[in-house]
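For reference, the structures are reproduced in the following blocks.
Two complexes follow with chain A in common, the first pairing it with chain B and the second with chain C.
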Partner chain A sequence: MEWSGAVSLGAMTQRITRDEVVHVARLARLSLSDAEIDEFTGQLGDILEHAADIEALDVGDVEPTSHPLPMVNVLRPDELRPALDRDLLLSQAPAAEDGQFRVPPILGEEP
Partner chain B sequence: MTMHEPSLPKEWELVVGLEVHVELATKTKLFCGCENKFSHIPNTLICPTCVGLPGSLPVMNEKAVEFAMRLGRALGCEIHPSVMARKNYFYPDMAKDFQTTQYDQPTNADGQLALADGTVVGIERAHIEEDAGKTTHVGGGGRINDATYSLVDYNRAGVPLVEIVSRPDIRTVEHAKAYVSELRDILLAIEVSDAKMEEGSMRVDANVSVRPTGSDELRTRCELKNINSVRSLGRAIEYEARRHVDLYTNGEAPRQETRHWDEEGGRSTAGRSKEDADDYRYFQEPDLVPLAPTSEQIAEIDASMPVLPAARRARLGERSSVADEVIVTVVERGQDGLALGAIEAGADADKVLTRIQNDLAVDDWSAVTSESLAMLIQMETGGELTATQAKQVLGEMAAGEHGGDPKAIAAAHGFEAMESDELETLVDQLIVDHPDEWSRFVGGDDGDRKKMQGFFTGQIMKATKGQADGRAVAQLLGQKSAG
Partner chain C sequence: MSALDLASAVRSGERSAVDVIDEHLARIEARDSEINAFNLVTADAAREAAAAVDAAVAAGKDPGPLAGVPIAIKDNMCTTGVATTCSSKILEGWEPPYDATVVQRVAAAGAVMVGKTNLDEFAMGSSTENSAFGPTKNPLDTSRVPGGSSGGSAAAVAADFASLSLGSDTGGSIRQPAAFCGLVGMKPTYGAVSRYGLIAFGSSLDQIGPFSKTVAESAALLEAIGGHDPLDSTSIDQPAFDLTSVLDRGVEGMRIGILRELSGGEGGVEGVSADVIARTNEAAAALEKAGAIVVEVSVPSATLGLSAYYLVAPAEASSNLSRFDGVRYGLRVDASTTGEMMTATRTAGFGPEVKRRIMLGTYALSAGYYDAFYGKALKVRTMMLQEFASVYAEVDLLLTPTAPTTAFQLGDRTANPMTMYVNDVCTIPSNLIGHPAISVPFGVGDDGLPVGVQLLGPALSEPTIYQAATALEAAASGEGSLS
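Our next item is the complex of A and B:
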């Protein structure tokens, strides 16, 4: 079957708007230029359009997949394992103080 | 103590739902083998997984899952297959930048919790999640918005939690407090958490709104955080409900937001709310496979379930006629097994329960057994001990004196049976010795009678070195004056 690569710009903008991309970028703390926002709006639209192809199929009998591996209940016993050396760990951090990670001021409310 | 503030005007009804986070008492964390305990030395209970180092992978703790299901069943929930999800937010208390939790498929759903007075509160869900680390804000008086920087300790990061979400079924402050007490009693009974609010192993957030009395609408709610005791829960809910009523009365309306309870100031304050605060972009955790508890596992949990506080109260209620508060106290202190044993050994149920409630409010009563308590109560009902003496003997039994044997303790104090005919002889003699007082007792007005009863009782106590039973004396005096 020949893939109809010519997805119209109209369809893409219906899948995701520029404002939505700006919003999602802000949630992910990504700083994007105007050109990048345009570029990703197009790319994300393509991805969503591709996923939307599934909508054309009748999947009523297919169980939703939450995980690709056919496994459940992978558990470990409640047993202690040695902790990591604190000084080694803190030496990897940009800043440390009094045995703790030192981070820049946090604005806004605590979650 | 401040004056009792009036509750809501009767045109308004309180609507409360509670979200309670409970730390599970496992040995290790939820996704790694680091120790789950409190440590004053920061960042000593950590590993690559709980500090979110690249390449580390979580593996679920089977005990945490078992404890969560145990709690679910104790709350009458259905247990469902579940998947873990990532709740994404940027805050340094979670090094991974997401919290692993359950979202649309929680382990436990649709339960209920019955309060001591019979009120039933619906449980929407009780899901498994991990705790976050602890941040300390430095500079600016320790307030987050003014701090110059913050310090992070990940000892608590990854500690297993269950979040129990109630339905908005709570209508009074008393019921909110009773819900938390009942939940704590259940947690202790099923031994999944030490449930200490003051130490943070049980944390309560309250969703508060009000509505016109008689309507069934749900109005805008505010979520109150930083509530550190049952008392503070009551104050916070009352304050918040009144704030809403005031806003509506002035033609305004509350905003849906998270508010911080300030216990010292006795008020709630708005956090800096961001419009995207609730946009956590949940998605399924790809590093963990689903949980699918088998019916055998659930049956095993049900079979090992201890008798829960509500059933324990009912058990004592059936056997006695004391006030509900007495039973609530005895069960809350975990002394109901002791009481039940003593009752079954033949002691008077009401006497057992009131004696425990009044005279066994101690931390350690392990030296008192059902048998020794039954013996004590039988000595009291049989007239071998007065009420005052029984109280004293029980105190010494709890302290483990004379091996906790009531007979030995009573004997050591010379508390001996005062036969009733012995007492009667004594009373007769006193009447002969004090004819004036006796005639005032028999023929005087109420004041005289009362005064003379005190006189004769005092004389008898003096003569018996306090061993006579005050009630028996009063009864004898009454009989003599009537006959």
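Our next item is the complex of A and C:
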């Protein structure tokens, strides 16, 4: 599917289009019904409308903060230590085989 | 009986921990079908753990500072072999192979887990109505919500199902339900409590903290769960706070600022109701009477918190929740290819609010919109950090309402997401900047339901916050006896 990509939001009356909602759902691996697409188009538009105060802000020189407190990388000695048991972890999987997680075919064909 | 009195009675052998637990289990049995605080009650394990506490006391061993105290754990914290659901269908049948660090620490302190509490699915919500297992009701008025997302943990303490509980707070999810249920709720400094084993929502915002009826109990629980954990790389490398020894130091000479933008002041956030503003001003007057110096201060960027949060938190959530794909744990809806299986699983497993936030976050991070939304929201965090830092050069702590209103009616705000989101307007700034904040009950609103006021401080100011919270609590109980 072709997607139109970025458009000038300021000029838009509709904050997010139906097609964009469909595109985002595909990225997020969610399947939406027509009614849900309509509902989300309206609701996400309302939320983005509220965020217009941020969108309009002039923050050119401000550095972004992705973490609230200044922290440096945490390192530890590269030593072997016990990990969780593989069989225990696989026992929680929906399907497992030969010590591995089992999934349906990846490319749409039976192996 | 407070958790501290219970613990000392159990420690001295005056009361048996098993009896204490049985008493609480009986209360749960009698009333939780109405309240729905718990997703799971771990009665047998609780009796066993209580028996071990009693055995330790009998053997002359130290059973820990919270010996025999019943505690409820929010169902987004991992418990070995005990279902952990995040109140989502997508984790159906999953039993974690390890404990969250906080779960181990409360057990090491002698506390006894009685169950896992309901929440808004993946902690996304402000009313505990977004749960796959039905809403939790406010024990003070069952037509009202308990707040959220940690509504089950708040209701469990308010209904005396447990003396203490743990919640998690990403945008107010401990403090707002504490306010709605008349409890003390604390969000510690980011990194002060380990997040290991807390199922992530917004990793740069999430923090675990205590619910309790009193400030002293809150301090004792935070002491038990705090301190460095090598299993959490964002854990601050310092020991747990010493809080209980500073509680009674008072507020003489302490400088406290009423944060205008969040307290109904001009140019601030809208929708804070008059009764809540009145209680906040009375709290300020009470602190002044107790010797604090109260001034009005301004943090203009605080009004941008809500917008910044509803970009940052969904963005982080959309990334964190990508791990729920039907491959390694929980629900799988079969389909002919792995891609279709993942889509079918996520579509069936997530509820509407979680889908909405995943969609919003995916959009905010997508090509063409990253700079306009997510990138700018991160810059707003910097502006807030700078403005709060300059205010804290003038004052020690800030005072605001915790939530704009008292507990609202069930179903009142589910139709329009924005009406739900504005609940967090006063609590969000502390998460965006990683600072600690506590909600303390202070009187009631026009509807007779509790009002919470919030004390905010700079990073690692927990001792000062607890000192002021103790003074506020004393003043509130004084007010109560007058009315």
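As a convention for this text, the second predicted complex is superposed on the first by the 86 of 111 C-alpha atoms of A that agree within 3 Å, B and C clash if a C-alpha of one lies under 4 Å from a C-alpha of the other, contacts with A are read in each partner's own complex, and residues count from 1 in each chain.
Just so we're on the same page, contacts are C-beta pairs under 8 Å (C-beta built on N, C-alpha and C of every residue); 3 or more make two chains touch, one makes a residue touch a chain.
What you are looking at is a predicted structure, and each value in this text was computed from that prediction instead of being measured.
Is A:Arg86 in contact with chain B, with chain C, with both, or with neither (first, second, both, neither)?
first
May I ask you to decide whether A:Pro77 touches chain B, chain C, both, or neither, giving the answer as first, second, both or neither?
first
Which partner chains sit in contact with A:Leu69 here, chain B, chain C, both or neither? Use first/second/both/neither.
Touch partners of A:Leu69: chain B and chain C.
Mind working out whether A:Leu27 is in touch with chain B, chain C, both or neither, as first, second, both or neither?
both
In the overlay, answer first, second, both or neither for which of chain B and chain C A:Gly99 touches.
Only chain B; A:Gly99 stays clear of chain C.
Once the structures are superposed on A, label A:Ile16 by its partner contacts, choosing first (chain B), second (chain C), both or neither.
The second partner, chain C, only.
By residue count, is chain A touched more by chain B or by chain C?
C
With the touch criterion stated at the top, can you tell me which chain A residues are shared between the chain B interface and the chain C interface?
In the superposed arrangement, which is not itself an observed complex, chain A uses residues 24, 27, 29, 66-67, 69, 71, 74, 76, 84, 89, 101, 103-108 for both chain B and chain C.
Write out the stretch or stretches of chain A touching chain C in their complex.
Residue positions touching the partner: 5-7, 9, 16, 20-21, 24-25, 27-32, 36, 40, 43-44, 46-48, 50-51, 53-55, 57, 59, 62-69, 71, 74, 76, 84-85, 88-89, 92-95, 101, 103-108.
Report the residues of chain A in contact with chain B in the complex, numbered from low to high.
23-24, 26-27, 29, 66-67, 69, 71-81, 83-84, 86, 89-90, 97-111
List the residues on chain B that touch chain A in their complex, please.
Those in contact with chain A are residues 26-28, 32-35, 41-48, 51, 59-65, 81, 83, 88-93, 105, 132, 135-137, 144-145, 147-154, 258, 260, 271-274, 276-277, 279, 281, 284, 286, 288-293.
Which chain C residues qualify as touching chain A in the complex?
94-95, 97-98, 189-191, 204-205, 230, 233-234, 236, 303-304, 306-308, 310-311, 318, 325-332, 334-344, 346-347, 350, 355-356, 358-360, 362-363, 366-369, 372-373, 375-383, 385, 416-418, 421, 432-435, 459
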